[in-house]
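In the two complexes below, chain A is the common chain; its partner is chain B in one and chain C in the other.
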Partner chain A sequence: MTILSFSFYLLVGISLVLYWLFPRQYRWVVLLLSNGVIAWLLNDRSYVALGLMYGMIIVAFAAGKLFDSLDEKKRLKKFVLIAFLLLEAGILLFSKDFVYYQNLLSISSISSRFVPPLGISYFTLSLIGYGLDCYWNKNLVEKNPFRFLLFGSYYPMLTSGPIVRYREVGNDLVSVHAFSYETVCFGLQRILWGMFKKLVLAERIGIIVNTIYGDPATYTGWFVWIAIFGFLLQLYADFTGSMDIIYGVSELYGIKLPENFDLPFMARNLSEFWRRWHITLGAWLKNYIFYPIIKTGAFQSFSQKTMGAFGKKWGRKIPVWCALFISWTIMGFWHGGTPKFLFVTLWFWFWIVIGEMLEPLFERVVNSLKIRTDCFSWHLFQSLRTFALVSLSAGIFRAESLRGGLSMYKGALISKQNPWILFDYDMWSSFGGLTIGDWFTVLLGLLILCAAAIIRLTTGRSVREWVLKQNLVFRWGLWFFLLFAVLIWGKYGPGYNTADFIYKGF
Partner chain B sequence: MTREEVNKTMDEVFQDVFDDEGIHVTESTTAKDIADWDSMMHVTLCVAIERKFGIKFNMDQVNTMKNVGEMMDIVLSQVS
Partner chain C sequence: MMHKRFFANGRWKKALGVVAFIGVFALMFNYATWIFRTNVNDDVVGLENEGDLDVLWLGGSVAAHYFQPLQAYHDYGYCAYDFGSNACRTDFYINELAYARRIQDFDLYIVDLRTLALLSEEVRDIEIGSWTSQLGVFSFNRFDSMYRYYSKRRLEDGIDWTSIVFDIARTHSNTKALADERQWDILYGKRQTETRGFETAIQHTAFEKPNVATTERRTLTDHQREVFTDLLDYCKNKKMQVLFIVNPYIVSKEEWETYNSAADLIDVYGFDYLNTNEYVDEMGIDFETDFENMNHVNYLGSVKFHKWFSKYLKEHYDLPDHRVDPEYSFWEDDYERFKKNQEDLTSQITELVESHLEAKETGLSLSQMDDTTEWLSAIKNDNYTIVLAASDIIDDDGMLDLFSDWEIQPGENYVGVWEGNSKIYVGQSNETEEYEGLFSASSPIPQQSYGAYAGDDGTAISVNGIVQDLPPGQIKVVVFDVNYQRVWDSVALVQENNRGFTLYR
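And now, the complex of A and B:
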């Protein structure tokens, strides 16, 4: 079962009816129980996976309680923290990275039977965050194990996050929510919007990307650039689509989860991009890896040395770049730990550091050429530059391996250039089995995404709120259009195997 | 140490960290008000404040402080 399957929505529907029919104070108990059933089905009915997930949640709960009781015994408290981190992070790394290194070292398969729980990357980070918060501030310790169980295993978050902090969502999960027609409508609308992005747009772009990536010997030159830029658009539609469905399902219970995206393609540089893309992962790394590293005594004394050697301005930056390197490396291991993922994440680190190092030079060039930086065209240039740099990283992310990705790039640069393919109507009209109608659908989908972004930017509120302010005919017309677009143009049903969400299983 | 004295010393720390003598912070000053105050500079700033006042922020405070007023609250709770 996946969050795109009919059985999922049937179960969500039953769970919702029970949730809203029960007395207010017991609704979270209904959610906890239905959560267990849906999480079990999302884990392909694996009791082992479900048991491991609940085990990891119980460990985090117990760690929080221990930190509270050991507040005066600092050394023992630190020992418990290290044991907790090793256990939780160890299981995560084992499940994500071990298979790769086991194969690399030709060790006999001891992990092939191990099936990690769905969403282990997301809930493990949430649990580690909770443990660290409790270690630093004992007032945050949850006393009720069942409430904590709901937080750790909340099923909408298992597919692709978000990564949450207990202090932000813990109370909301168990607090009394009054039924609101508007909230439920908002939830349904958001699910529909997510389905549109995934089934209508991402699946179609995926066909183009898969065709090119599937035959790198044939598709060289400009085909590669089309696949790379196309993949970033596919990834955006796919990942934000899955998040929209997750947020929508959660809103049906009256529970709002922290947002993961904020118009990432508006970003003017890579640092800003990561504040707008997968926001909860970036915030987690900042709060629980980057800040604590920088604040250690070792980094502070390192900072003193670099300031002595390179002056105040650069001396302060060097330890920050080192801490960023560690953070991005950890992000690479979180994604899978293979050379491909490490390359993808360290690519961002490299350009962020280069950008900071060359900033004074860029400023001088811009000033000497008298380039205006307070206008739309400059912002557009910066956003396109960011998009291109992210695409180059995403292109490797999509490849089977780092070697395969780099050889594709080689094919793009060294092979004979073929820009005329852009105008080859006969080829594109049947490319990968797509029809001209499919191309128009992709174009229309991208235009709708752009329109939604413009509404967000100009009105400062969500598209759903903007639609709610419109007249009845327009409002309903818009939602019915989206519904029929998903039903008619969506890639699903018998004979079509909808691909999993790209970030499912991370 | 009074709140005014802490505020004045905070000014000096901010001016030193951001290398800008024109900076004057108030209780409501946030990262949005100072151009270079991003997540990378945030910890540098926290450590500089710790050194100046001889105090220690715990990581939860570093992660959650929202403005200069909250920083001053923590400083005052430890120096007085």
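And now, the complex of A and C:
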């Protein structure tokens, strides 16, 4: 069962009816029980995976309690923290990275039988965050294990996150929610929007991308650029689509989760991009890796030394770049720890650092060439530049391996250039099995995405709120259009092997 | 108190909005599903647009191929309808009857019993899909069909039952359906069959008459008994007049025994039973010329069957004669159109069968021929599948011109499969050439296999695993007749120096 399957929504429906019918103070109990059933089914009915997930949650709960009771015993508290981090992070790293290194080192298969629970990357970071907050006394420690179980296993978050902080979400999960027609409508609308992005748009773009990535010897030159730019669009539609479904399902229960995206393609530089893309992961790394590193005594003294050697301006930046390096490396390990993922994440680190280092030079060039920077065209240039840099990284992310990705880029740059393929309409009209109708659907889908972004930018509110202000015929027409677009043009049902969400694996 | 609050704060408007939204969605969903359903059978949905009828013939595809309602009206005056749904099984008969009876009551229900012998405990998409696609998207009868089907079968993992319930999930990818005018007709209730469900088969496969008549019984499986008893109970409860029938086909002894056991049950319930395979000689059915495939007669067979059976119905049942009723005159008009069309179809099927018989005569004479040129000329027939393998053939003085139709080149290894003039496969090079395939056969005849090989060490052709090989420099040819499912001849053409090819068997 996946969050795209009919049986999932059937279960959600049953769970919702019970949730809203139960007395307010017991609704969270319904949610907790629903979690158990749905999480078990999402984990392909694996009791081992479910048990491991609950085990990790219980460990985090116990750690929180221990931190609370060991406030006076600093050394023991630190020891418990290290043990807690080793255990939680160890299971995460084992499940995500061990297969790669096991194959690399030809170690006999231990992990082949190990099936990690769905969403381990997401709930583990949330649990570690909770533990650290308790350790730093930033959290009110949860006393009720069942309430904490609900936080750790909240099923909408198991597919692709978001990564949440207990103090932001924990209370909302168990607090009393009054039934709101608008909230439920908004939830359904958001699920529909997510389905549209995933089934209509991402799956279609995926066909182009998969065809090119599947045969790199044939598809060289401009094909590669089409694939990498296409993949970033696919990734966006896929990842944000899954998040929309997750937020939508959560909203049906009246629970709002922190947003993971904020129009990332509007970003003008990579730092801003990462403040708009996978926001909760970035925030987690900032809160639990970057800041703690910066605040360590070792880094403080390192900072003093670099300021002495390179002056105040650059001396302050060097420790920050080092801390960023560690953060991005950890992000690479979080994604899978293979050279490919490490390259992808450190690629961002490299360009962010280069950008900061060369910023004064860029400013001088811009000023001397009298380029206007307070206009749309400059902002567009910056956004396109960011898009291109992110695409180059995403191109490697999509490849089977770092070597495979680099060889594709080699194929793009060294092979004979073939711009005419852009105008070979006969080829594109049957490319990878796509028809003219499919291309039209992709184009229409992208236009709808752009329109939604423009509405958000110009009105400052969500598209759903904007739609709510429109007349009934328009509102219904729009939702019916999306409903039938998904029903008719969605890639689902027999004959389609709808790929899992790309970020489900992380 | 609660209702006052409900009306006072405008919640009723929202509730109304929700109901209206769901209603509009359901309506549009229903339309969309119908438009995408490409396997809607006019014989089934067309029943809704028919006037008063007397006889309903219910079953799978068999129900559409044997009995000609318009001819029966013309000859005897009763109004019948062939209510055949492709691949339908006895599981669905109760639902089929419920569907038909909702439209109107019939004096006589003829129920095809052959699908009882075909009942299987496996889940087959074609069985459930082809019947349920004829019914309303939200029809209770449809959901009941599904329940009836699935509840008696062991479900294996991976069955996508949701796409059966919401069948748009399996048809939506066929967006070409949107551009088909006929697909939209269903919305306007236009789907109808002019022949009252009868379908003409202009295909031919030759068979031998199965001599398997028996009085032995084969115990019905629990599954068959349960399904069939449910059906008999239903018919009894509804006080229907039912004739259970087995039509002529290439029946096996086991199936005949099953029908005998079913007949015993039918007798207990007091319904009629008729295995028309017992009367094929009386009908004049020729198994060599009158069948489309193992399970269905072609048009020639249907004419013979119909003539016998329509008379049988008139003689054994009290059916009205509407020919004197002016309200039924349109049946006669439809019959005139039907007759005109059938005359054309008769000449088509006659011509086809004659060509097949001619090919058979030629096929039988092939083994008597010794002259290579004559033999090669005779095997160029659209009814034959020719499998050839050649290796290291030298073309001296254009000797290979004889084989130009099959594109054999000198000095290369060659493997070719041809159906008449149509190339199925040709591979030739200096490397080893190999090809394996199946001879065409009308379903459900099991396809026979063949293989061809050509290499530096010689050639070989196999049929159903039996291999015949030759040394290099020779051509191996096998002639297979798809209508008779027989190899007429298998020869070696040996190249003699400057004297052409000599034919050996």
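Keep in mind that, in the parts below, the second predicted complex is superposed on the first by the 504 of 506 C-alpha atoms of A that agree within 3 Å, B and C clash if a C-alpha of one lies under 4 Å from a C-alpha of the other, contacts with A are read in each partner's own complex, and residues count from 1 in each chain.
We adopt the following convention: contacts are C-beta pairs under 8 Å (C-beta built on N, C-alpha and C of every residue); 3 or more make two chains touch, one makes a residue touch a chain.
A quick note: this is a predicted structure, and the numbers were derived from the prediction, not measured.
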{"item": "Touched partner set for A:N137, first chain B, second chain C, both or neither", "value": "first"}
{"item": "Partner chain(s) touched by A:M157 [first = chain B, second = chain C, both, neither]", "value": "neither"}
{"item": "Contacts of A:L252 with chain B and chain C, given as first, second, both or neither", "value": "neither"}
{"item": "Which superposed partner A:P292 touches (first chain B, second chain C, both, neither)", "value": "first"}
{"item": "Which of chain B and chain C A:F484 touches, first, second, both or neither", "value": "second"}
{"item": "First (chain B), second (chain C), both or neither touched by A:G437", "value": "second"}
{"item": "First, second, both or neither for A:R316, with chain B first and chain C second", "value": "first"}
{"item": "Common interface positions of chain A, toward chain B and toward chain C", "value": "none"}
{"item": "Contact set on chain A toward chain C in their complex", "value": "5-7, 181, 437, 476, 480, 483-484, 487-490, 492-496"}
{"item": "Residues on chain A engaged by chain B in the complex (per definition of touch)", "value": "132-133, 136-137, 140, 271, 286-287, 290-292, 294-295, 300, 303, 312-313, 316, 320, 324"}
{"item": "Chain A contact footprint on chain B (complex, rising order)", "value": "19, 38-40, 42-44, 46-47, 58-63"}
{"item": "Residue ranges of chain C in contact with chain A within the complex", "value": "11, 14, 21, 24-25, 28-29, 32, 36, 160, 162-163, 166, 168-170, 172-173, 175"}
